[in-house]
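Across the two complexes that follow, subunit A remains constant while its partner is subunit B and subsequently subunit C.
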Partner chain A sequence: MTDKLVHGFFFVNGMISVVVLLGIFALLVYTSFPAFQEVNIWEFLTGKTWNPTSYYKAVYGIVPMLVSTFMVTIGALVIAIPLGIGTAAYLSDVASPRKREIIKPIVEILAGIPSVVVGFLGIVVVGPVIAKVFGLPNGLNALNGSVLLAVMALPTIISISEDALNNVPKSYDHASLALGASKWQTVVKVKLPAAMSGIIAACMLGMGRAIGETMTVLMATGCAPAMPDSIMGSVRTLTSSIAIELGEVAYNTTHYYALFALGLVLFILTFVINLISDLVLHKYEKVNR
Partner chain B sequence: MKKILAFAAIGICFALQTATADAAKMLQIKGSDTLINLVQRLAEVYMEENPGKYIAVTGGGSGTGVAAMINNKCDIANSSRLMKPKELKLAADNGVTAHRVVIAMDGLSVITNPSLGVDKLTVDQIGALFRGEITNWKDIGGPDRKVTLYGRQSNSGTYVYFQDYILKGDYSQKMNRMNGNAQIVEGVKADPGGIGYVGVGYVKEANGLTVVSVAAKAGAEYASPLNSADVKSGKYPIARPLNQYINGNPTGAVREFLEYELSPAGQRVVEEEGFFPIPQEYKEYNKKAGL
Partner chain C sequence: MNIKKVHEFIGFGILRMCLFFVLLALSVILWDIISKGHSVISWEFLTSMPRKGMTEGGIWPAIVGTFFVTIITAIFSIPLGMGCAIYLNEYAKGGKITRLIRMSIRNLSGVPSIVYGLFGVVLFVQMLALDTSILSAGLTLGLMTLPWTITASEEALKSVPQSYRDGALAVGATKWQSIRTNVLPYSIPGMLTGTILGLARAAGETAPILFTGAAFFLPFLPKSLSDQFMALPYHLYIMSTQHHAIEQVRPLAYGTALVLIMLIFLMNSFAIFARYKLRKIKLE
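Coming up: the complex of A and B.
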């Protein structure tokens, strides 16, 4: 009897998150649907101008925002992946236990820095440095956002990659070392490939973190809605557009529904990324069993 | 240990209780980022002189304040633009009759980076710059340098006012959308090709900026927003009233605070903050609203 109750209790708990997820998805679909009664869905997905508060006629095209989002995210990954994997390998295989005890908590604290603080640093520190180094008039650009998002994605990438490296059976290490390989060769040629799917999953999760981040990019990237011309130009991501415009939009207007449609696009993007990382992780679990 | 915890719990309960009691009689003011420093200062002075009164002033932009007024989520909404007919109707649907009170005048200031040496512009030129039609400073007598535009995000009343009265068109898609007046000031200061617009209260003591003198059209006289006589007389072409919206005829605490704002003492604070006192025409307007 108690067994059944306990079973039921955990079942309900497990179901709640599923129900919440489905509920969010349903709400997004339901609320963004009216937007497409006035906006052509094809124009929405391929339009190169987003200007709902136009003096003449409101235009809804999300391409510049998609480009901005990917630009900032890929930039962040280019910076964060080498750094993250390097740190993970250092923590799992090189650092003495004492050093690991110090560095690991520091990496974890990094994850706890509020995004608004990171964005502030982007305005007062990273921006001016970028402007100086590249001789630009200002540092509010995609590169600034990428650097900041890299910092924010690092803890995720480091922690999960390190777990993956630690999960490589010790016998791999021993075999490699017994064959006369050096410590460096063992890490690079044996452990990293063995943990590769875990590391890829870590990077995908880091990417999900970067795509969804709002406050930091809102503060540090200038937010001009034009199609970005280079990584040194101002960009405006999906998330910052929603954050900027949802505060002032009149409820139940096309603009309001269009913002929910942006949310839906973002939801689908992060969902696909998480799905892929999950599939990769599963593959990795099977290999090691 | 248990005792300490119990005391802590009791303490928290008391704190919560007094906090909610205060919230009940606390005046909530919300909205314009241009007005926030001014109204915060007014509230501080007012609370000093009237112990036991509490006023909370928050920003977010005029659009945020207007939205809060429509949804009856604040007592006073600060707005640097007028409420649109559509918004008034939305408010009426929610049972809110929005009344407008003018509390100060703003000489909306156009600022440029001093290294440009551009200190005079016509309204047409400013419009063309922000519409993105002029992209290099040499086209209007400056050095050969790219123009970087700094403006507000669309929840800003200044954004809407500037669009309706100066641009009469769309903002350049390349304009940087900053989070508030202070960020625009910082951006223009640091950017050798920068131009932006902010409320006059933000440039009063700003060093490292050129405050542009503006002429209504080519050939007309240039006037500076820093010269209060020009703003009051309307010679400065982008002077605008700064408004507060209230629900219905003001009574009680709301009325007392509004009366203070419009009193000579309140208007002195307005001037100290870099804005300008209300001229006769708006005094008459406020009288009609019962103040």
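Coming up: the complex of A and C.
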């Protein structure tokens, strides 16, 4: 009898993650809903201007933020994917076991550095460097954000890609080497293709992290609320818009609800990306067992 | 040297370069902050209040604030995470529901931190009327750390050999008795050390506390859990972007950044050291 009660108790406890996930989604929908009684949902999704504090008519269009978010994220991935996969391949196939034992914890330190510290470095180190190299008045722009987000996405990409490479059965290596291929040919032509689904999932998880990152982009990208013109221009992502405006807005106004709608868009974007990478990883696990 | 060897030499060289750039990024971060932050840190910087519009003085209230918030996060997140891990590792049989739970956990760890902040504003600040306070911020961070706590606790439970459970069940113990007497005592230390890693990440987070309780400046220390608070990561954000004399307070920002990464580093090393010790005890 007690045993059943205890079982029931832990079952309820076990469901907490499901409840929290559904709860976040439900509350975001519930709180952003009133915004769409005043703002046309189509205008919200396709509008090219975001100006909720305009004197005569508040305008809510999220396209500039979506463009900004993807610009910074794609920039980050262009930097982080080659570096991340290269490092993962080095760790799994080139480094001696001793070197690996030393390097892996060092890479993990990178994952532990808080985003606000990375953003600070964007202001004091990366910004001035960009300003000097490209002759700009200041270096707070999309490129800066991309560099920082790449640093933040690297630990995720490295550790999951390395797992994927390590999970490729040893017999693949042996077969390739026995046929006379060099170690390098084995890595490029046998191991990377065999681990490809895991590596893709790693990159998508890194992308999810980059899209959802707030403090670094808030501090390092300049945050001008207009359509971005180039990678050297100031951008304002979904996350930084929420962070900037939620502090200044009165509770339960249309503007406030609209910020939750931004949160909902962000939640759905990252949810879909994580779900896809999850499915890819899952499929991959099944194949290799 | 044949052509294959040349290719291999160049290819491995490229991989080494990748690693080099990753390590370079880390070194630049650590070097810049340590070299410019260490001269700021003194006993006075750590233990005094900010003075003259935060252009002088120390970061004591931010340290206290981060400490209290992290305690609330731990109190909320550790028991819930452990319970969930116990269900998954000891009771769940691997059906559809278990898959759903595991999928939710993985997805929760991918939810952006600012979205947790929004959730905290509606649920804790408004609906539960906790206002912007240590409690609201701690609970918000607690929700955010939940997936990490669950994963860490499950690792600890997995390391207890199956024979411990079977032994108890064989002499007639019920399932719960076997878990309570033969599984938990051996896994709780591992669970606690694992969760410290998650708490260290929570202590460095800014976005979830922006609107749930962190304050720009408070001339006093928080007296209760329903007060607002200053926090190290938020203080660094303010000192580097929002302050009226940013150039003048830059050294203080460096000092704050150094204290923050040292705090996180200490928490992580403690967890890793404890895990190492525990593993040794188990082996003997």
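Here is the rule we go by: the second predicted complex is superposed on the first by the 276 of 289 C-alpha atoms of A that agree within 3 Å, B and C clash if a C-alpha of one lies under 4 Å from a C-alpha of the other, contacts with A are read in each partner's own complex, and residues count from 1 in each chain.
Here is the rule we go by: contacts are C-beta pairs under 8 Å (C-beta built on N, C-alpha and C of every residue); 3 or more make two chains touch, one makes a residue touch a chain.
This is a predicted model, so every value here is computed, not measured.
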{"item": "Room on subunit A for both subunit B and subunit C (clash or fit)", "value": "clash"}
{"item": "Touched partner set for A:Ile24, first subunit B, second subunit C, both or neither", "value": "second"}
{"item": "Contacts of A:Gly86 with subunit B and subunit C, given as first, second, both or neither", "value": "second"}
{"item": "Which partner reaches more residues of subunit A (counting touched residues only), subunit B or subunit C", "value": "C"}
{"item": "First, second, both or neither for A:Ile211, with subunit B first and subunit C second", "value": "second"}
{"item": "Touching partner for A:Ser234 - first (subunit B), second (subunit C), both, neither", "value": "first"}
{"item": "Which superposed partner A:Ala131 touches (first subunit B, second subunit C, both, neither)", "value": "first"}
{"item": "Which of subunit B and subunit C A:Ala58 touches, first, second, both or neither", "value": "neither"}
{"item": "Which superposed partner A:Ile123 touches (first subunit B, second subunit C, both, neither)", "value": "both"}
{"item": "Which superposed partner A:Met219 touches (first subunit B, second subunit C, both, neither)", "value": "both"}
{"item": "Subunit B versus subunit C as contact partner of A:Ile276, first or second or both or neither", "value": "neither"}
{"item": "Against subunit B, colliding segment of subunit C, chosen among 7-15, 79-87, 133-141 or 241-249", "value": "241-249"}
{"item": "Subunit C-contacting residues of subunit A that also contact subunit B", "value": "123, 218-219, 247, 251"}
{"item": "Contacting residues of subunit B [partner subunit A, same complex]", "value": "60-61, 63-64, 66-67, 86-87, 90, 146, 148, 153-155, 160, 163, 167-170, 172-179, 183, 186-187, 190-194"}
{"item": "Subunit A residues touching subunit B - in the complex, by the definition given at the top", "value": "49, 51-56, 123, 128, 131, 137-138, 140, 218-219, 222-227, 234, 236, 244-245, 247-248, 250-251"}
{"item": "Contacting residues of subunit C [partner subunit A, same complex]", "value": "4-5, 7-8, 11-12, 14-19, 21-23, 25-26, 28-29, 32-33, 80, 83-84, 86-88, 90-92, 100-101, 103-108, 110-119, 121-123, 126, 143, 146-147, 150, 174-176, 200-201, 204-207, 210-211, 233-234, 236-237, 240-241, 250, 253, 257, 260-261, 264-265, 268, 272"}
{"item": "Subunit C contact footprint on subunit A (complex, rising order)", "value": "2-3, 6-7, 9-11, 13-18, 20-21, 23-24, 27-28, 31, 82-87, 89-91, 94, 103, 105-107, 109-110, 112-121, 123-125, 151, 154, 158, 182-185, 187-188, 205, 208-209, 211-215, 218-219, 239, 242-243, 246-247, 251, 259-260, 263, 266-267, 270-271, 273-275, 278"}
